[in-house]
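The following pair of complexes shares a single chain, chain A, combined with chain B in the former and chain C in the latter.
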Partner chain A sequence: MQKRLAQHFSGRQFTIFWLSGLIILSITLFLFNLIFGSVNIPFWSVVKALVGDLEINDSWRLIVLKSRLPQALTAILAGAGLAVGGLQMQTLFRNPLAGPSILGISSGAGLGVALVLLFAGKIGGIALSHLGWTGHLSVALAAFAGATLVLTLVLFLSRHLKDNAMLLIVGIMVGYAASALVGILKFYSMKEDVHAYVIWGLGSFSTVSWSQMGVLFPVVTIGLIASFFLVKPLNVMLLGEQYAGNLGINIKVSRLFIILCTGLLTATITAFCGPIAFLGLAVPHLTKGLFRTSDHKVLIPAVILAGIAVALFSNLIARLPGFDGALPINAVTSMIGAPVVIWVILKGKNLRTPGV
Partner chain B sequence: MEEYKNALIETTGLAIGYSHPRHGKKVLHSNIGVKLDSGEFACILGPNGSGKSTLLLTLCGFLPKLNGEVRIAGQVIEKLSNREMSLLASVVLTERVSVSNMTVFDLVSLGRTPYTGFFGRLKNKDTDMVTESIKAVGLEGFEERLITQMSDGERQKAMIAKALVQETPLIVLDEPTAFLDLPSRIEIMHLLRKLAHQRNKGILLSTHDLDLALQMADKVWLLAEGRQMETGTPEDLVLTNEFRHFFEREGILFDNNTGQFTVEKQKVKTIRIIGKGVEYKWVSRALARRGFAASDEPFSGFQVEVKSDGKREYLLTGPNGKTQKLRTIEDLLTQLDYEEATLLTE
Partner chain C sequence: MTNDQLSLNIEHCFSGKATQSGVSQKTCLCIAYFNQIKLSGDKVMVMKSFLGVVALLFFLSACESGPANNPVKELFGTQQPDSVYIPDYSKGFSISYYDGVKLVHVADPWDSTAVGQYILVGDEDAPAKYRNSKVPFIEYPVSRWTAFSSTQVVFAEKIGVLETLKSVAEPHYISNKFVQEQLEKGAIRDVGLASAANVEVLLESAPEFIFVSPFKDNRYGQLQEAGLLIINDCGYIEASPLGRAEWMVFFSTFFNKEDTARTIFSGIVSRYRDVQQVVANSEQKPSILTGTLFNDIWYIPAGDSYMATFFEDAGTRYAYRDRSGTGSFALDFETVFHDFRESDFWLITVNHDGKFSKDDFLQMDERYADFQSFQENRVVFSNTDYSMFFEKGIVEPDVILKDLASCFHPGLYPDYEPVYFEFLND
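Right after this comes the complex of A and B.
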């Protein structure tokens, strides 16, 4: 298909074709997310609920406005943010298997959550998992604190480490250390708390309330806008740090901003949705396969749109009638993600070339 | 292009090497004083591990110097920011660049980075310059080709085009011919020499291709471990025996006449070779490989007469006076071996 398209389109038209295709797909999936679920709500009723028409069924209005809309918005923000983070990390580390979690930020968030969930039960005598809304908020705060801690550590190290590869190793090691601590905590914890932690680890787009959206939305939007300002350094970094330096880019500053941007996106999204697996790794590969370019001017908007589409699609599947919200989001993203990663490995060529 | 009154590269008392916070400094070379002017094509030669790359990386500011001073276009290198440096010197490194989905045009246009705005968008002038540079390195028509699908030689040309669009007075290349086959090496060296002379750029590269460097370089910088660096016109360095001193080791000889390395052979046997022209030259080479030194004197041993007019023929006369007509050098060598063996058994 790509070849046939390339015959008819010039490079620019080719890009516009896929971008508009992704926009249409995302909008369709967004509407599907509002329409389908355990109760199917007709399209016009959804529209009426959205525009604030009070004539429609009250429970439908509540479902659309209180449950499905924030969930779809969360999916959009998470998908876009994680995909951009993944793209930035793959370019920065020139490694096709890098993702937004490569810096150890998700592990940091996991550690924070584990401390709160597993320790709170021990010390306070009440399991946070029973606290409902307050519980969610403290989990989000703990995740954010953990993620920020690791992010600060990575940022500090990035100023002192010359080599991106070193940074990659540090990120992975931090991840291992955090997992080990979580393991110890789990070992000494009560069953329900461990269960609550496991549930958090499976990820979810449905725990974000409108008030939490007030944090998630602006932070992710800022991160996404910032990523557009990093187009130039990202493009040059494809050639490696020395070439980038020779082309007049201030490596340390650019690296700091790239990590900060990805870190902020990942930390916030992980805090609210849990560690969403594979999206950040798989979406950039899908996008590069579609757009056939290495130019981040095209890749960043493309990855955002593709991330939105994939996240909305995963959310739709997780909520399919029958699963009834029972399917954790990570199970779905991994089911989409794993074949993509295998495809990347089988394509072989991409693994040998550092830039991807 | 702006004229630079000062030399593009000038070092005084420069010491290069590596410094390690705990293990201290490891000085590879010290007291280096070199100069490179615009329009000059210079090659750094030296055995592996002699510090060629270290010197180049120090001169482009990628590695800190240990001592002394480096001036690029008259300015002290430490005071130049990445941005200022990007307008003075462009580099092509040994590392093989391969980025999937990147076309030649994309790659070369990255060379415009120091001139483009915040988002790196190319203006018409930039696009024209990229196209022109791609043409200048002989990659016309390859603009939309993916760099992962090109030969090493073509990719190297694309990297040179990238250095050209950067519009710097100085271009530094670290072993640009390393992965290439012989024709591509000659092509690249020729291209660089042409660019240096036509566009009045200072071009400095490191290479292992001694004979190419001898033929094409305006200046040669010789580096070897534990020796003071020598610079000069290649011919001068040959005549003062510098090449000999730098490269000869046991079993390997540098021939000052031909400017080539030869493998030392014990030439104890002599043979008389009669003939002329290119055939004569190649027959003597083949015989030299078998350990025969050519001589014009008539003597009682073997004699080869090379007939080069019309049909190519080799007449081999043994000590017993019998003459054999042979069609190829290979046959000649086989026959010679055979007769030598029979001579010994007798």
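Right after this comes the complex of A and C.
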């Protein structure tokens, strides 16, 4: 299909075609997210609820406004943010296996949550999960604190490490260390707390309430806007650091900003949604397969839209209509993502190291 | 343990295998290996040889058991018991009384077709054939035993056998003052987590038996290999409140205190029935919601579960009463919100340090404010930080039921002050 399209379109039209396609897809999926859920709500009632018509069934109105809408918005923010983070990391490290969690930020967030859920319970001698702390802001705060801690460490090290590959290794090592600490905490914790932690680790778009949205929305928006300002350094990074240096780009400063941007996005999203697997790794590959370009001027908006679409689609699958419970979001993203990425690799054969 | 000793152990195993059929060579190797791992270092010399003996004994007994045949049948043949205690409400156990010995049977909690566990209980006059059989034998009066769950401590307190408790697991769940004092003195030992108990402390504490709540994946294999007698206390799996309390009779059998337990239990039953009768006269049948979101999942009891039975007996309408199952359903917010938004009452358990307020509740999830029961101040909660609902509730289903009845039918017990529950008013 790509080849056939390429015959009819110029490069620019080709890009616009796919971008508008993704926009339409995202909007459709957003609406589907509002319409479908475990409770059957007719289409027009959903619309009425959205426009603020008070005449409809009160439960339905509250379900749409307080459950489905924040959830769909969270999926949009998380999908966009993680995908951009993944793209930036893949470019920065020139490694197709990099993702937003590669810097150890997710592990840091996990450690923060483990400290709150598992360790605090150990001191008080009570199972904290009974406190209802699992959906509580304190968990998000702890995750954010843990993620920021790791991020600071990585930033600090990045000033001293010349090589990006070193940074990659440091990020992974930090991740291992954090996981080990979590393991120790888990071992000595009560069943309920471990269960709470495991569930947090499965990720979820539905724990963000409107008051938490007040934090998530602005931070992710800032991160996304910032990524547009990083287009130039990212493009130059593709050439390799030495070329980039020759072209007058301050490598260290650019690297700092790229890490900061990804770190901010990942830390915030992980804090509220838990570690969402795979989106950040898979979406950039999908996008590159579609757009066949390595220009970040195109890739960044494209990755944002594709991230939104994939996250909304996963969320839709996770709460399939007629199914009472919900699947953990991580199971869905990975289950959809893995085959798709393999398909793209087999089909496109253009998935080498980015920029090469 | 040196390598020589290790190979010696293995040699024993092989020679054992040569003479006896049905022994698992792997098990022996495992034990030898286990000994080596656990006991490197000189400080634990005594322990080392002791464990070695235990391992050897275990291995010998394993050798003896040979091909699988039912040891209970072998012991009793066609002999009929003088009497049998089949519980009225519990499903998981039975006690057969033979001349001079009691045979306690615990059903496998997950597989009803499995044989389950048999234990013999008798006094010092019990005939030798029972003592030396392959079925574990417990002699009362018991002088040392171990509790892995706080409910067993509550049972023990009720029938008055707490002084013989010598070690416990997870003591932070136990609020009994006597036990806490003894723990501080060291007279009762803390063996750590139930799922990963400290074998050395347990062996030193030398209990005649250990009451455990069984895990689906057998976490007690190591303890059994160390020669400890594990008794499955499956009370928590019972679906009915009275069924759970009746496990007190099972528990008391090992201490020869069935009479005490049965008297207490029949008191519980009659008080429970009294409340049911009073409730039956009430004209109102309020609807009820229970539970809260756990992350983004709302675990809500199935129709035949422990809580659903309480709701039925307390004269309330529980919307999922017809959905069969003894466990719970994992639902999302919108399903529960849709089905229970207009419920009259909302029952929750929280573990909150200090006074639990509406603000605390809404901090858990602000959407709780949209439930009618919340808006009309009809949220009933038990703060397990001090209410001991999970710990003591098991032996007081009558009190819990009366609490619930008085909360859900305000006119029935006008002067009654609920023990476990209170209304969320501020």
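Operating definition for what follows: the second predicted complex is superposed on the first by the 331 of 356 C-alpha atoms of A that agree within 3 Å, B and C clash if a C-alpha of one lies under 4 Å from a C-alpha of the other, contacts with A are read in each partner's own complex, and residues count from 1 in each chain.
Following the convention adopted for this analysis, a contact is a pair of C-beta atoms (placed from the backbone, for glycine too) under 8 Å apart; a residue touches a chain by one contact, two chains touch by 3 or more.
It should be emphasised that the depicted structure is a prediction, and the values quoted were computed from it without experimental measurement.
Asker: Using the superposition on chain A described above, determine whether A:Tyr188 touches chain B (first), chain C (second), both, or neither.
Answerer: The answer is second: A:Tyr188 touches chain C but not chain B.
Asker: Contact-wise, after the overlay, does A:Ile199 reach chain B, chain C, both or neither (first, second, both, neither)?
Answerer: After superposition on chain A, A:Ile199 lies in contact with chain C alone.
Asker: Based on the superposed arrangement, let me know which partner A:Asn246 touches: chain B (first), chain C (second), both, or neither?
Answerer: A:Asn246 contacts chain B only, not chain C.
Asker: Check whether A:Arg292 is in contact with chain B, with chain C, with both or with neither, and answer first, second, both or neither.
Answerer: The answer is first: A:Arg292 touches chain B but not chain C.
Asker: Once the structures are superposed on A, label A:Lys66 by its partner contacts, choosing first (chain B), second (chain C), both or neither.
Answerer: Second partner only.
Asker: Based on the superposed arrangement, let me know which partner A:Gly37 touches: chain B (first), chain C (second), both, or neither?
Answerer: second
Asker: Look at A:Trp210 in the shared chain and tell me whether it touches chain B only, chain C only, both, or neither; answer first, second, both or neither.
Answerer: second
Asker: With the two complexes superposed on chain A, say which partner A:Ser179 touches: chain B (first), chain C (second), both, or neither.
Answerer: After superposition on chain A, A:Ser179 lies in contact with neither partner.
Asker: Please name the chain, chain B or chain C, that touches the greater number of residues in chain A.
Answerer: C
Asker: Which chain C residues qualify as touching chain A in the complex?
Answerer: 170, 172, 193, 195-196, 292-297, 329-335, 337-338, 341, 349-353, 361, 363-367, 370, 384-385
Asker: Help me check something: in the complex, which residues belonging to chain B touch chain A?
Answerer: Within the complex, chain B contacts chain A at residues 60, 62, 81-83, 85-87, 89-91, 93, 95, 97-102, 106-107, 110-111, 113-114, 116, 118-121, 144, 148, 166.
Asker: Could you please specify the touching residues of chain A with respect to chain C in the complex?
Answerer: 37-39, 58-60, 62-63, 66-68, 124-137, 187-188, 190-191, 196, 199-200, 204, 206-207, 209-211, 319, 324-326
Asker: In the complex formed with chain B, which residues of chain A make contact?
Answerer: Of all residues in chain A, those touching chain B are 11, 228-229, 231-232, 235-236, 238-240, 242-243, 245-251, 288, 291-295, 297, 349-350, 352-356.
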